[in-house]
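So, here's a batch of structures to check.
Same chain, two partners: subunit A is paired with subunit B first, then with subunit C.
Then we have the complex of A and B:
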């Protein structure tokens, strides 16, 4: 468990575990923890173990001490039950290990995701804190372009032609109802999305790249049309649900934190927890589980495990870098996160897109003045590492240029647009041009660098077996599929998904959830304005007060 | 607020609600009776003021009660010192802010607020500008807010004895609101009020240049969302009015040709756009009027097409067409 975490987790039970249980869940990753909570609330007698001393399993957020131990472990030839391997870790001296929470499988959440609905329905969301993520950038022609993901972005964009603006808007209006209008796309089913966008909507290469890689977060331009449309809709329909951003992330760590929330919920419903406890063996016939201290537990129904050697189809490559820069240049106003995508063929012939999630200190994962960059690619081996290092280099160049203060550039009045609060912003095209010709003198300090590979595992079908395997987190930076997987496992145990989290939470005020809609935070916030906030309003104080003497 | 769906309640829930409300209605009616008995008796006491507070909290639309409230305040002010009047108005403004948060589109609250400011011996318009900025942040399309904002800005400039002092920042503010969501009749309308004033306040401002920039801006909006009526309305103001620059007939004709060409290009990719067709018909008709020449026959085709795609207004297009053919005869 990450020490930076603020959430309270049930203390692992010091008591001896019961000598029998209905379901033994082994591993406290996100999927298993959702299943454990769902089963516990349904009335199943759940024992939940994890061999690690922290929660989160393959989804954990680790402090630096835990991270060192974790890399040693996955590198050890004796370890054969984890999909991770091949870790190279550098940590700068004199860092306070407890001030960091490094995700080993970082994820973000679109506001229309099924996981968010489940978090609200199960009330686990109250154990967590979420922050907005509105900045999506695409690496194009050696600079980072902000993705035009809304009507307002398209309207104010200074690098789109009038006809492109029209085509993009037509596409965006279509894509939110794409599943109801098959006549438009059916002939492109299974064909590359890039072909569809070009032929049906007259979109040009740069817009296709942004839609496919940054908005849909797909790795390859030849992804099937129907998948890409679904992904693009996911982004667009997630805008304006809670505010001017499509995605969010949980503070102090991603999947591991959410998993802890579900564990806490499961414990409230009566599940028993024990961390740092290894399962030595499990007899599928008799259902007898033996723990590393020799204790024997009779499992009457199922063993659900995320550990063990699963068959794997391929490998993906991941990288983590902590830098001594706040990286606020990449974040939207008031935010502390951004996604940067390097499309294929932008990094010396990379075949797959490289995705980078950037989190600032507002995420609670790194101290003030620092940021953590999570990079990943579907490419494996040396090529995968090469792609990631090239992307890292580009990010380094970009942040040094953008954060330099003694940099002057020429802009005329037409290059300046205004934000809603009246703050002027400079057109990114013009800025990009000026920036490309600029060489910063400063260099970037890396406080931590970590690369590792991860196997994409496929659980084998186990007809008639007591054991259910949980696959490792996917390469996807988004939690999609997690709830579906948890439901499938739940069904494997109970035979139905009908009562999945069908919980009548007693002595709770129903008002907030009665309508099924999450409370509208943006309206609520404004409704709470008081005189003090009035006094702080920048629109007035900066622009008017100076000129006025009343 | 715009585009918020009304939630329909079931008959059963409605019945339960009605029973619950029955008691409240009796109380409310008694309160109304009490307030009006006081008014008929000429009661202008502090107690009468408190009664109107209670009533207006429940029903801010009752404008007669707001009128009565002002009668009471005017009468009370006679016996108060200037300091006391200021502080009474301050608490009045506080009360109004809480009402506005709940009922941001009630005419009478905004109206009463304006009265307070003009009545106060020491109005704080600076604060009012911040308040209306916040109200427009909550709902950028609240025309009450925009109207109030113009009044506040005018008062500030008057007090500063500097007409146009806020022109630039108000222009930037309107631009920012439009950039945030250009489907906003009120923000575009504010621009039509602001721009002519800016040209008067600053003789160095080049109207032609400004018109060019505004046409560039609105064209971006038209191409982004041709289904939005507010952008076409602003476009029409730019193209047909003399408020920005007084154009000669030749210049006007040139501008119309230029804009007709631009909309024609949009029509190629959006052949079914109602507002494209509508604007083309309007501008070509307008062109014929100012040049004293016959209407271009394509207008009749546009109107036929409009009658097809917008059947609810079919007769209107037919009537328009008849007018053109009659004039031609």
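Then we have the complex of A and C:
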């Protein structure tokens, strides 16, 4: 175990930059920042630089001044060290630039995620504030459907037949123990999840679409079965860990904000920080790094860098829109966020799903009365932009219709469902008639619009090299893979992951239960479904352990 | 209900308050924290604050303030303090070194930055540190601990006080080394925290700070609040 006490540094010349280090980390994105903190706590002498004057690297959340400078930079032909390009930015006049925090790679955190365990274990979570995200919608037949993520949702859903309900319940019982019951799915390994759901569980298209795109948050129906099952299980097991929501987001920005927390942690352990400092060259043989001001730094172990153009397999397309509407119609009670998914073939032939993350002012990213919409797709080029603009249009129509006061919304008998306890509820998000029949009386004011593309990079293997490359953030809206990547890089430096973030906090500031795990809850809740009215399925066991460790 | 009755019947309100330290490197920020929290001083050492932040309770007649003290962890050295550091700070100590005039210029920069970025209700104390290196104007019984009795003061008390008055800041000259005036700084800040902050946040942790509306998620439900020691002030 690394001890925290080894990190006292002499204060002799606090303003003189170091001229040597064990590891030079270049870029303050999420993955590098986790690595920097893990190495610093392990006792490695870390120097952490970023060419930008802000933290977060390719994960940054930017105020409007920074955002303008960033778009200029990525559009400049002289810039060749970033995966971003092709930015089109519109900003309305008279906005206070410091009241905004725009994420360039927005992400959300499931309550069962390795990153959350690491945040708690490292205590970095104490620097951050997380807000709940319980509202997931699927765009179907021109309306936004709330995703039935719990058994109550399924029970009360008025547009599911009894047969469908039964199939869904059977699937949900299976999926929480899918990894222990390979006989059910092994023949579908590597094959499309949609095929598996259809053939093995008799699920219909709408349910398949919701499970694959809104619950597993995957882009394509042909995603491999085992990946999709893992992500569906994660969604279900993330419910009720902290409350009636499966996911959360960090305030004031996602990955860049979390990265700041890890950088602070690294600094506490002795890492040295310099922003706005460019690396002009690195000699892999000698380990000498030269900064743009001419300073030379001797790197004894490794350079870990997230800048520099890496080979890329494909491009993804992103869009950000800030609207003058609070968008609370889409949020669950007491929340300020929603995810809206446009499955394939719902937007004039889109091949991949379009995902939209909507954040209201409760996120700290936009002022009161506004919301920010983050849209993304795996589609590239003109088609990618077209898909996003169509999705934006649908969202605009929907929010105008839902928020227009004088719009009469008839609650018909079919819109009422009954909870298991007999309580009648109005299915809130189901809006019945087609959006096309509705002509908005007001228009939506866009305060900011931004589209840009991003390369998905693949770091080349560099055997024997001092340089380790960090790939750009993926299209995935969840943080999957971040901790694994950080651990792999850590292993590349230290040769092991055994002591990754094994820190003895010697100075307990208060008696936190610093176990590194969220509170225990059982996902038996989902498995423990009352079978009486749905028929028995003795092939599935009731007891399911909710334990997941990193 | 009258405040007298409330004080007699109900327990004193407790509020957690985020306190950040700002100022040039080596002015003695970490040393001031160490003096306040552990009544200790380490010569020629950068005291390490290993925890996320230190907590220290300050008990006043009518309220208890639990300071969550965030040290810079050295990130100020190359102008690399993260926005996360001073975001939502309700109180700040802006520190300069009485023997180093440039550090007062840096202090002005930080005061401006706080006015631009932080909550308008923030309580800021301007602190001139290393008073033990100055032979006059200490107002303490004790004389200088400077080895050769040479007065190394380069920033006059008047200059600091004038700046503090212009900006509406609390003002102190301290020595983290001898402990002179250190508690007074924290006590004065604790007394000056506006009532609405106490009421809004009583009992909670750092979660649910201003500007957010709904509450944040508590990721580590605590077993007990326990052992933050009360300070002697």
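The working rule: the second predicted complex is superposed on the first by the 475 of 550 C-alpha atoms of A that agree within 3 Å, B and C clash if a C-alpha of one lies under 4 Å from a C-alpha of the other, contacts with A are read in each partner's own complex, and residues count from 1 in each chain.
The criterion applied here is as follows: a contact is a pair of C-beta atoms (placed from the backbone, for glycine too) under 8 Å apart; a residue touches a chain by one contact, two chains touch by 3 or more.
The shown structure was predicted, so the numbers you read here are calculated from the model rather than taken from an experiment.
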item: Partner chain(s) touched by A:91 [first = subunit B, second = subunit C, both, neither]; value: neither
item: First, second, both or neither for A:320, with subunit B first and subunit C second; value: neither
item: Which superposed partner A:34 touches (first subunit B, second subunit C, both, neither); value: neither
item: Subunit B versus subunit C as contact partner of A:166, first or second or both or neither; value: first
item: Of subunit C and subunit B, partner touching more subunit A residues; value: C
item: Which superposed partner A:154 touches (first subunit B, second subunit C, both, neither); value: first
item: Contact footprint of subunit A on subunit C as seen in their complex; value: 25-26, 44-55, 73-75, 77-80, 82-85, 87, 116-117, 206-207, 209, 211-228
item: Residue ranges of subunit A in contact with subunit C within the complex; value: 4-5, 7-12, 14-15, 17, 54-55, 98, 116, 119-120, 123-132, 242-243, 248, 251-252, 257, 260-261, 263-265, 267-270, 272-277, 334-336, 361-362, 364, 505-514, 518-519
item: Interfacial residue positions of subunit B with respect to subunit A in the complex; value: 7, 101, 125-127, 129-131, 133-134, 137-138, 156, 159-160, 165-166, 169, 172-173, 175-177, 179-182, 219-221, 223-226, 265-266, 269-270
item: Touching residues on subunit A, where the partner in the complex is subunit B; value: 151-152, 154-156, 162-163, 165-167, 169-170, 417-422, 515, 523, 526-527, 529, 533-535, 537, 539-540, 543-545, 547-550
